[in-house]
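Each remark here refers to the structure printed beneath this line.
Going by the order they are written in, the chains are A, B and C; count residues from 1 in each one.
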Amino acid sequence: MNKKQSRLLQRTYLILIFCFMYLPIAVMILFSFNESKSRALWTGFTLGWYKSLFHNDMILSALALSLVLALVSSVIATVLGTLATIGINSMGRKTQLLINNISYVPVVNPEIITGVSLMLLFVMAQRFGVGGEGGVFGWPTLMIAHITFNVPYVIFNVGPKLRQLDPSIYNAALDLGCTPKQAFFKVIMPQLTPAILSAFLICLTYSIDDFMISYFNSGTMQTLPIAIYSMTRKKVSPEINALSAVMFIVILSIILISNHLDSIQYKRAQTAVRTAMAEEGEQ
Amino acid sequence: MNENLIVSLKDIVVEFDGEKVLDGLSLDIHDKEFVTFLGPSGCGKTTTLRVIAGFITPKSGNVFFDGKDIADLPPYKRQVNTVFQKYALFPHLNVFENVAFALRLKKLPEEEIKSKVLRMLEIVGLKGYERRHVNQLSGGQQQRVAIARSLINQPRVLLLDEPLGALDLKLRKQMQLELKRLQRELNITFIYVTHDQEEALTMSDTVVVMNGGKIQQIGTPEDIYNEPCNPFVARFIGDSNIIDGVMLKDYLVSFGGSEFKCVDKGFKRDESVQVVIRPEDVEIVPPEQGALVGRVRDVIFKGVHFEMHVDMEGYEWIIHSTQASKPGELVGMNIGPDEIHIMSRSEV
Amino acid sequence: MLRSKTSRWAAAPYLVWMGVFIVVPLVIVIYYAMTNADGTFTLDNLAQIGRYSSVFARSLILAAEATVICLILAFPVGYTLSRLRANKQHIMLMLVMLPMWMNFLLRTYAWMTLLENNGLINRLFGLFGVGPFHMINTAGAVVLGMVYNYLPYMILPLYTAMTKIDDSIVEAAQDLGCNTGKILLRILIPLSGPGIATGITMVFVPSVSTFIISRMLGGGSNLLIGDLIELQFLGNSYNLNLGSAMSLVLMVIVLVLMSFTSSFDESEMEGVM
């Protein structure tokens, strides 16, 4: 087959795959506007489910909990992880390898194992009296669990950036009069900031989205995914559809905005480099 | 040239992983000179530079600055500044802030900082570039920012670690002249590190040739070129023909089956020596007129001259001439007494 | 430089955390797996797992099916994407990753509604006078759920690996006489080895250990390892020791798989070299 046919085939295939991936989401969103509770029969257009969604206390409090949990655990994880990266970088190669391998465990382990193992730790702690009457499951366990699975992502995000740094920049700072501490904060930290920020965002995402690990360690509390899970097990309500639609729009907007910002910056840098090269040629 | 010694190294020993990178190196550097450390990769020239800058603490030995021992002084307290090989500009700061960096550390008033930075940018030819970001500059421009940044401190000594390596040929030659001019204008000491012998000869007042962590020869560019003191220097600087010979007596040497008058003396009678002759110093004549005779193997056009490889009794001569002979041709070679340089035999 | 001895201490808080919350819990799992409720050492728990061998087998088989299907589906996608122009690649990647950011539960739930006996798909079939087909609560639904959820995890590594295969290599192969099939077999597959290995791991591991997909799409009759474990810990058959033993076995399965795929990784690269 010639190139044109091959390309057409490829395009068609891609479209089919994308249809497959987006079909369920599209249907969900479509039926969020459905008047009746039916998930298959369209009876009429309404925004009512959105209204009741925004009055659904269970969802709203779960959302609040998830947001706070995500923010706090991500901040702690980012700080802990950044400090760890700096410390690990100063260690011998074998120690570095060991620490990196252990840090990999929460990343590659099935989530259910991470969740279950932490739960056992907390159960054991309770047996030894930690947490008193009410036990230990709830905010503390959720926080610990989220920090635990978030920190490795910080290390694996900031670590490579730290290693890629041009070491002569640090020396240049010393050369120009910085004490080692000054050199670190004035020159190294600004370089790491983008990686730290992106690690923070990754942590936020994983935290808000986590179901498995939170499920085993939340006690009676409900994060957003746990609330969604209980919704799907009980009575069927198109509020779930409305929730899907809202989440989809939010995520899509975030991606589009950050993409747009990226491309502006990229284009600006490109024109500047081109101008610089042209000037150099004229000299 | 000012006779004051600005930097003195005495018996510096530097070890990495048990290997001696510098083995008892001693060196005096005169103030306000353009000094170049020249040598192949791994010879220790950059290490020496970093010892002076304070990034490496020698295992033993002394570093004197203006007569004072500065061994305990960290880099941020020394009156030297370094221009790094890859410029090491701070990517998160623009040109102005990069150059102003050292001044901001000293917490100078804003007005003073501004005027000093702008003046320095003008000196390096980057007027108007203050707002540019580092990644929006070409290689040559980044180079100048690095130089401006280092000079703003008004150091007594500027260390330059192969700064021109990343630039293309034309730009490099331009920058060589500019650096030389800058050094003269500022009237401070430049210590320059390079592996490019042509660069060293162009820019320096004094050249320090290094190999294997040891100094091979120190001298002016002419000295180094015309009178290399050992085969390493002879081979490293320019092309040269190095032939085994016998010093028959003062001013007379024998090699290639013929005797030649020369201008060296002080060797023992009939001492085995090595004779160094530069390619451009060999005169090509018809075979009957030549003191030596050889057969031309290759002729390569180099623009400025022809480079010919001539076989003579197993030794292949490199000869530069403005006229080309033909490959396979038999030619005669003559060499004047001034152009023969004798070195005593040494283990290379 | 930055590698001074004092800056090592910056890692101390994390190292403590790591020890307490990553290492110790795993040790505890092993402890519980090997003991009774009263703390005595026993291998009973591991022996009991034998009763559930059908569940384990089902998990492995379904996860394997899902992985293979993902591999086949994702391969052309990864290739096509890697040949696009740079700016188009960016957009396309976003489109591939977007579903990943939708909540996992909602995505699975979406298929629930589609596959139901009176769900949308069966209604569409009904318009043509066909069906209704029993699709929900079957093993097939579970595999579908796995494929749907984890397909992007297969596309991305394959895409990454294939961007490193320059066009000129494919053209050289064509020039030397390869037809499409041969190009696939001798060039594309070997050169995207690392991507295949990564993709397999990233699909198989969550597939073999899930309980949500099997619960939502498989009903009660397609229990997987994850379901069993969940039942021991939070469900009706509260038995921490048995649950830990099952978790241990699951971990071993995952470890075996990973050592398998990483050895593929290296040998494929050697073959290419």
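Here is the rule we go by: a residue touches a chain if its C-beta (ideal position, glycine included) is under 8 Å from a C-beta of that chain, and two chains touch if they have at least 3 such contacts.
Everything quoted here is computed from the prediction, not taken from an experiment.
Chain A has the Cα centre that lies closest to the mean of all protein Cα atoms in view.
Ranked by number of C-beta pairs in contact, the top chain pair is A-C. Centre-to-centre, using mean CA coordinates, subunit A is 54 Å away from subunit B. With centres taken as mean Cα positions, subunit C sits 18 Å from subunit A. Put simply, the C-alpha centre of subunit B and that of subunit C have 60 angstrom between them.
Of all residues in subunit A, those that touch two or more other chains are 171. Residues 1, 10-11, 13-14, 17-18, 20-25, 27-28, 31, 39-41, 80-81, 83-91, 99, 102-103, 105-106, 108-113, 116-121, 123-124, 144, 147-148, 151, 155, 167, 170-171, 180, 184, 188, 205, 209, 211, 215-216, 224-225, 228-229, 232, 240, 243-244, 247-248, 251-252, 255, 259 of subunit A touch subunit C in their complex. Those residues of subunit C lying in contact with subunit A across their complex are 1-5, 7-15, 17-18, 21-26, 28-29, 32, 73, 76-77, 79-81, 90, 94-96, 98-99, 101-107, 109-114, 116, 118-120, 122-123, 148, 151-152, 180, 201, 205-206, 208-212, 216, 226, 229-230, 233-234, 240, 243-244, 247, 250-251, 254, 258. By the touch rule above, subunit A contacts subunit B in their complex via residues 166, 168-169, 171-179, 182, 187, 190-191, 193, 269, 272-273, 275-277, 279-280, 283.
By the touch criterion given at the top, residues 53-55, 74-76, 80-82, 84-86, 88-92, 101-102, 105-106, 132-133, 135-141, 149-150, 153, 171 of subunit B touch subunit A in their complex.
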